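Written below as structure tokens is the structure these notes are about.
Each chain gets a letter, A, B and C, in the order it is written, and its residues are counted from 1.
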């Protein structure tokens, strides 16, 4: 004990691991509380959140997906040129896009747009006592606020990933035409020519479901754990996006290897 | 009948309430006064289970509620409504939706009926014209009145007000005073009001308790407070900067 | 860099904008969106220009840049190492799977991966991570100062907040982004090499193959580092400085910083990659 206090590095390491355990534990408890109440979500809140999260994210998901598809083609273009295999462009760009990049980038963008926003909203409700106001009205904040948001985030990310898949391929096909002169038809043939199947799309969607899960939990947890006025809300949002990003990458790894 | 018995509460090393006891009779308009930071808000939050005391008992209509969990607190909270210091409406809902929410949750009304009923209840506090506005667009006095309407939706027998007139202009403040007095006189509601607004205290209070340094300094009627020769109370109710009171 | 689109902070109730959409109609709301983008682009440009001006003309507070280098750089090392370590394993595993379906020949796996890493992934994915951690941090900090009126106090004492707040973050970010991305690339490469060894039996000495990495790849990667290193603090500071309205405003500013910095990175990536491909084909 005294040893640890004397050694500031060891102390910092200990503090960091306690903090990590606290966060993981807090998220576990929150998950249990959500699951117990999952059946009594508030329909009106769910619809409201779906609109706010999904519909309002469409533009930024679209921009991200179109550019991402284009970038993937540019990266694949070098290899295609090297082997002079235009027919493989669709497959080369499509494989990585569907299985990896589209779910990942969509998750990161939605984490910024929806997850961070969710934390900010909940954090504001905490510091302005709106959560206490709910409790005083004998309304369960988890059932009323958290469960609909949790479901809405899951639904939003999976839908947005599907949408991003389509737009990214679209962006890729036309970049291929502009940059390499590969006809979009050739691109799509390369895509559907047997090397890629629905398993790959499904793999990507499954990932996005897992990402949504960690993002929803993290953003709600950090929102509800907010302390200390306006700066506290900023810190909570910061912590939430960092934890979501780290969680997304770690889970991506686990899913990639298990799936 | 409501009674606090020997309530103690500290936050870390800081003892905020040190053995506070008093009771409130049914139907009266009861004021809790004291300097800022003395622990008035902390005290009334115990009654609705937002804080748990370190030791002591809280009796509400023959039940000891200080050890209730979140689930057991449900019926207590329907019986004791609370109006927060900053009104604390839900920013993402219109005024009508704010008032409709408890109706929808506790009176089994569908969204449409609840909204219609909410508008009627807003009319009682003269806020019907602002039913479809969002709380951040309104002034403090208006928000306070909407919050009162929302608190009354569950037909409480007790209503807790945390500094209902602080930060209001004098006209809005007297309107809120009138509203609180009417609750006691017309609906028979027991009001527990935290305040340090001298005009409210001496115009609508039935009885007053004054907290000082974590303890009860005096309980009595406004007349008794005026007549006391306790220097600290005299300094407080006359609003003097100099005197025996230390902070 | 100007095409950042997420410009509706509306900290007022979320549905307030619906009314606007309904009044303007669809075409009108698109027009309004473009107007928003134009205004945002101008503000962003102004922050950028003033930052550059003060980089050369401003009075530097001693230690401010060092402090920010610690905040932005040193404190991001663990986060970058974890995320890039995992992404390295995933990328190599996925490319291995991809290669397996066509030609089960893994000798060029390392060379291709290294090329891609240098030219794009190290910088772009690393920067996306930094946009999250650093961007959110900058916006939260500056945003809190705005709503607690500390920025106004700075103005009153005749210090331009751009000089005082943005410039140190800008300089620190330029240097530290480069350093962090070198670390990011190294970590991603090592975790990739380990994955290749475990799953596809590619020995590390075969995996470490610089054959495909040329000057063009280095230049493209370096340009990206610089562009992202400049974009993240500028975009995030702009989001922080345009905060208004209490705790909710700070939350909004932080959210916008993450989204807008990420978008800026993706869009910059597209243009730099395309330019790189056209200038150094093959």
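Everything below uses one rule, namely that contacts are C-beta pairs under 8 Å (C-beta built on N, C-alpha and C of every residue); 3 or more make two chains touch, one makes a residue touch a chain.
Since the model is a prediction, treat every value here as computed from it, not as a measurement.
Here the chain at the heart of the structure, going by C-alpha means, is A. Looking at contacts between chains, the pair that accounts for the most C-beta pairs is A-C.
If you average the Cα atoms of subunit A and of subunit C, the two centres end up 17 Å apart. Centroids of subunit B and subunit C (each the mean of its C-alpha atoms) stand 49 Å apart. Each chain gets a centre from the mean of its Cα atoms; for subunit A and subunit B, those two points are 43 Å apart. Touching of two or more other chains is recorded for residues 14, 248 of subunit C. Within subunit A, contacts with two or more other chains are made by residues 121, 124, 128. Under the contact definition stated at the top, the residues of subunit B that touch 2 or more other chains are 91-92. Interface of subunit A with subunit C (complex): residues 52, 59-60, 63-64, 67-68, 70-71, 74-75, 77-79, 81-82, 88, 95-96, 99-100, 105, 108-109, 111-113, 116-117, 119-121, 123-124, 127-128, 179, 195, 229-238, 241-242, 245-246, 249-250, 252-253, 256-257. By the touch criterion given at the top, residues 44, 121, 124-125, 128-130, 132-140, 144 of subunit A touch subunit B in their complex. Put simply, subunit C touches subunit A in their complex at residues 5-6, 14, 33, 79, 82-83, 86-87, 89-91, 93-95, 98, 101-102, 112, 115-116, 119-120, 124, 128-129, 132-133, 136-137, 139-141, 143-144, 147-148, 246-255, 258-259, 262-263, 266-267, 269-270, 273-274, 277, 281-282. Looking at the complex, you find that subunit B touches subunit A at residues 48-50, 70, 73-75, 77-78, 81-82, 84, 86, 88-92, 101-102, 105-106, 111, 150, 154.
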